[in-house]
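When the chains are written out, they are named A, B, C and D in that same order, and each has its own residue count from 1.
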Amino acid sequence: MIKVYTSTVLDSPAHVVWSIVRDFNALPKWTPFVADSRIEQNLPSDRIGCVRNFRTNDGGIIREQLLALSDYDFQCVYSILESPMGVENYIATLKLTPVTDGDKTFAEWSAEFDPPPGREQELADHVGQAVFQAAFTHLKQRLR
Amino acid sequence: MIKVYTSTVLDSPAHVVWSIVRDFNALPKWTPFVADSRIEQNLPSDRIGCVRNFRTNDGGIIREQLLALSDYDFQCVYSILESPMGVENYIATLKLTPVTDGDKTFAEWSAEFDPPPGREQELADHVGQAVFQAAFTHLKQRLR
Amino acid sequence: MIKVYTSTVLDSPAHVVWSIVRDFNALPKWTPFVADSRIEQNLPSDRIGCVRNFRTNDGGIIREQLLALSDYDFQCVYSILESPMGVENYIATLKLTPVTDGDKTFAEWSAEFDPPPGREQELADHVGQAVFQAAFTHLKQRLR
Amino acid sequence: MIKVYTSTVLDSPAHVVWSIVRDFNALPKWTPFVADSRIEQNLPSDRIGCVRNFRTNDGGIIREQLLALSDYDFQCVYSILESPMGVENYIATLKLTPVTDGDKTFAEWSAEFDPPPGREQELADHVGQAVFQAAFTHLKQRLR
């Protein structure tokens, strides 16, 4: 198993950032790499257990299941059911914490997963940089 | 603000206990003091933000909102919107953890709230004993 | 009981900030309000249970006990044994988390305590602003 | 990296169990497999950063460093510096939580580490059963 951890500071209050990222179906709105997304079986996107089925810009299909959602401490946890990455036991957590000094947001995105043998570093870099950090950078621009 | 903490050990695996207590509308099934319960607006009981509206055996009406639910670490967080207790800022967390030695469950139920002046001890005892511990005791019998 | 929470972002890596704030006897080095400090009984300042005895610029004497220290996740917990504030059951936690985007530090300082009746807001403001935020602001300048 | 998690319930209050396991040099007193132990450089065993150097019954030498200790929530974190197991990046946490129903203790012992290739299952079983569970079982007998 490997662990990936990416964190940043966003120039908006935590409740504003949460209003954007809370929607499990909203990846096309705040990340640069998702072309379209739907929740399977037409479930509401804040129902625990729902599955988002989205297509990345390069045509890959990813299915992820919502395991936890908290309006109390602004976090969600989800697993990957299916993806082109070939990872197993993938669990990710996205969490927001208020920065009281300046009314900003500390955002953390972490994941644990089992990569295919020999692809540990490649996939750690991909998830941490090309996915999590790229999404944070895109979100920063949107929040301006 | 006062804090209440009640914990117990249940003689069943955590996933079995979770299958009972996960349902935010199931208080009549596993507590001794709830006569009936419904989720307002017919929402599913695992949708974050839903409100359970239940009647206790002595006729009191309580409305509680689901703030967080986690199938990942078996916990839920909720607030009281309306109750006969007269408390404010009430937030409670129910959490299950596996006991690997014997395949049992460690269950924790905690709450924070502002009581009316002068009723601190009375309400701490009521919530900790007459609500949380009484529900645990009833649940133990049901799991036998 | 009331809760105070103050957080900020510091422009240095977490291990650098930790090397300064880890020392339970170092308040005169990184806060603006402590004139001098010593650890009672000449104990090392990273021994759990040790007591720091310090004098603020206005002459007040405060004694605080180290309850927890973690080089693993960069945090410490301490209680107030004696202070001019007249608070009871005071427990504070200082915690650092790395901001990977820019190699900075997210710093959180929180406290819970029972204030004398009628002084809730005054003491919440004092601890959150005149102590925690003032120390963070001073530390920022030192780190430049 | 693999994760090991072992938990049990002990028939004594948490502060009593903590008074035994808090001492980082006390493994010979409450585990069945440690012949003798000392803290290097004669440091106190509750000083963060101290190293315990102990010999198991089969003659192996293990050196472990105390990374965190908390009298606040009854937990300690340590790493392995040297051992016959051949593991890397080993970090373990021992934590006690009160069981209010019966005044008992919920004890959790977990570890993360990188095993040598091909020995994942063997070492997961060894740490979880032959070390953690065996120590808990021995401690239970001592507490009777």
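One rule holds in what follows: a contact is a pair of C-beta atoms (placed from the backbone, for glycine too) under 8 Å apart; a residue touches a chain by one contact, two chains touch by 3 or more.
From a predicted model like this one, the values you see are computed outputs, not experimental measurements.
Novice: Count the C-beta pairs in contact for B-C and for C-D, then report the pair with the higher count.
Specialist: It is C-D, judged by the count of C-beta pairs in contact.
Novice: Match interface A-C to one of A-B, A-D or B-D, accepting only the pair for which over half of the contact pairs are the same residue numbers.
Specialist: B-D
Novice: Averaging only over C-alpha atoms, locate the centres of chain B and chain C and give their separation in whole Å.
Specialist: That gives a centre separation of 35 Å.
Novice: Need the CA-centroid distance for the pair chain C / chain D, whole Å please.
Specialist: 30
Novice: Within their complex, state which residues of chain C touch chain B.
Specialist: 1-3
Novice: Taking the complex as given, what residues does chain B use to touch chain A?
Specialist: Where chain B meets chain A, its residues are 44, 46-49, 67-73, 77, 91.
Novice: Would you tell me which residues of chain C are touching chain A in their complex?
Specialist: Residue list for chain C touching chain A: 5-9, 97-102, 104, 106, 108, 128, 133, 136.
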